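The data blocks that follow each hold one structure.
Next come two complexes, and both contain subunit A; in the first it sits with subunit B, in the second with subunit C.
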Partner chain A sequence: MLIAPPLAEEMNRSRTLIASLARDLAGVGFETLLPDLTGTGDSSGLLENQRWQHWLDDMSFMASWAATHCSLPLSVLGIRMGGLLAANLATETPIDSLILWHTPADGSTWLEHTKRQQLATKGRALGGKSPPGYRFHPALETDIAAQKLGSQKLATEKVLLIDRDTAQSAAYEEVRQVWQDTSSVCQTLVVSTPPYWALEKPVICNPLITETKLFLTGNVP
Partner chain B sequence: MSTQGTLRDILRETLDIGDRADSLADDTPLLGNLPELDSMAVVEVVAGLEQQFGITVYDDEVDAEAFATFGSLVKFVEGKQQ
Partner chain C sequence: MPIEAHIVRWQGGQSILVSEGPDSASAAIVVMVPGTPQTRVGTRRQFVLLARRLAENGISTVRFDRAGFGDSEGACLPLEPEAADLAAVMQHTKESTPDGEPVWLLGLCDDASQAALFAAANTPISGLILLNPWLEDTDNHNASENEAQFTHPSEGPRPTGLLRPTPNK
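For the complex of A and B:
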């Protein structure tokens, strides 16, 4: 399973949960790939030079690499904004299962939240909408704001959108109806968990891992 | 459920603080006291307030005053509901 990771600090805060998921999936025969996108983590490049297309290219590269190095079929888990990268990958590569964890239906919503983080940090907006401590190129912010779930023509058998509450239920239902036309199964699911991507202490969300594993192994929730 | 009760649950679930939510009193400091409540967690709490209470929180309202104590946060929510 290939993971499209969250962005910025959300990635750091999600790592423990992702590792826990990967160990669990290994127990049922899945290899998990977790890339550091260009300009993030241990990968080369500067974050402030990155554009959305660079990260789309990263995911395409990872999918090709997986096709030659790992056992098929390929499933993809997109976490938070990684879900929008994953959905795009699913338009160009046949994917067995696409699972999205807590992905904003609209990229501009995520940017509004990062702007709020700036306000909560400094008491004022710092200009731009980069997450505090990270510097996005203004063009990347524009790219992110333009991302919308549902605009992608998926080539995916099974799709599962998971959220932690019903805040996005109406938006997710619209997306589900669009994607149901091209996928044999497209489901939405609310699994009550803490927002692991926003909490500094590691959070293990066993129900989230369980539902993901069930979906991947063919037991549709 | 009362505003206090709902707010307690929002903090419990969003910050993953379990039973510690039950001991939050009006004068319990939040910002600077709860280690879980940093800028990223504050944004999630605000999203939870908006969803649970059906209120809209504006950017200039996301500040230290509302989040100073549990009591101040209750007052903030009650003020938005009127």
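For the complex of A and C:
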């Protein structure tokens, strides 16, 4: 299982849940690769220098690395904006299972929301001294805003889209209509979870982990 | 700039520890404790960027996730001098650091308090760097029987007491 992590602060806030999922998957025979994309986490580089293509290259590299180090079929889990990155990867790289957690159907919605939040944080900071936000290169912002789930067909056998409520149901249904032509399984699922990517304290969402494991181990929910 | 990952175990879990430092001999090593619920990279990667700046200036660093946070196993530990995860990381760091190289401890927010409690109760370390340490709020003692309450200085009443270890019951 290769994971495409969320971006910016959402990555930090999801980390405990992702690590917990990896330990659970190890229990049912899955190895997990959790990369920090270039310019994020422990990886080298600065965030403000990164472009969407750099991160796609990172994901392609990790997929190739997985293929040479492990003979098992490759599954990819994309979380939040990582889901759009994973879907990009899946247009060219053959993947057995693609799972998306709470991925915005439209990258521009995510970008606007994230920018609004950074402004709000700045307003609340004491004495006007706010910590700097996550700085994206203008070209990266353009790329993020252009990402639309379902804009391309996939080279993927099985697909599962999970959201926490029905707010994106109509959009996800459109995506499913596009992707089901090339995938033997293409499902959407609502699993009630807190918005773990936005909460300061880590939350382990067991139903989310359970549904993910069920899908991966062949017991389609 | 060499960067390495190690696994450190303590009773109740294990942590991934990331160490990095200068290409040549290091003048000192700083163990960075991130402040819960942050992970070892820090908010907006501030701990990663600080570690790399320190390495450019001849100083090594060690970063790790506290128990129950990020990649680390186990449950979140209470604020107390023993701090099994920090103790294991400090022991690992001292064992893998050349004799005579100073070992410093840097903590942020609640983990600044944690660093001070640990330093007060354990074998001497070369120095402490406390970023925005939380102070004991003596007005709020009744809130919990078993642990002192720590309040951010910018929230609630101004603490009147100094930081001190959790009293043993």
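One rule holds for everything that comes next: the second predicted complex is superposed on the first by the 209 of 221 C-alpha atoms of A that agree within 3 Å, B and C clash if a C-alpha of one lies under 4 Å from a C-alpha of the other, contacts with A are read in each partner's own complex, and residues count from 1 in each chain.
Following the convention adopted for this analysis, a contact is a pair of C-beta atoms (placed from the backbone, for glycine too) under 8 Å apart; a residue touches a chain by one contact, two chains touch by 3 or more.
Note that this is a predicted model, so its numbers are computed, not measured.
Considered on the superposed subunit A, subunit B and subunit C are sterically compatible, since they fit side by side. By the document's definition of touching, of the two partners only subunit C reaches A:134; subunit B does not. One of subunit B and subunit C touches more residues of subunit A, and that partner is B.
After overlaying the two complexes on the shared chain, residue contacts for A:19 are found with subunit C alone; subunit B is out of touch. By the touch criterion defined above, A:200 reaches both subunit B and subunit C.
Residue contacts after overlaying the shared chain place A:92 against neither subunit B nor subunit C.
In the superposition on chain A, A:9 contacts both subunit B and subunit C. In the superposition on chain A, A:165 makes contact with subunit B only, not with subunit C.
When the two structures are aligned on the shared chain, A:47 is found in touch with subunit C, with no touch to subunit B. No C-alpha atom of subunit B lies closer than 8 Å to any C-alpha atom of subunit C in the overlay.
Contacts of subunit A with subunit B, set against its contacts with subunit C after fitting on chain A, overlap at residues 9, 13, 132, 200-201.
By the touch rule above, subunit C contacts subunit A in their complex via residues 3, 18, 37-41, 43-46, 48, 65, 68-73, 154. Put simply, subunit A touches subunit B in their complex at residues 9-10, 13, 113, 115-121, 123, 125, 132, 165-167, 192, 194-195, 197-201, 203. The touching residues of subunit B, when paired with subunit A in their complex, are 13-16, 35-36, 38-44, 46-48, 51, 59-60, 62-64. Partner subunit C is touched in their complex by these residues of subunit A: 9, 12-13, 15-16, 19, 23, 36, 40-42, 47, 126, 131-134, 200-202.
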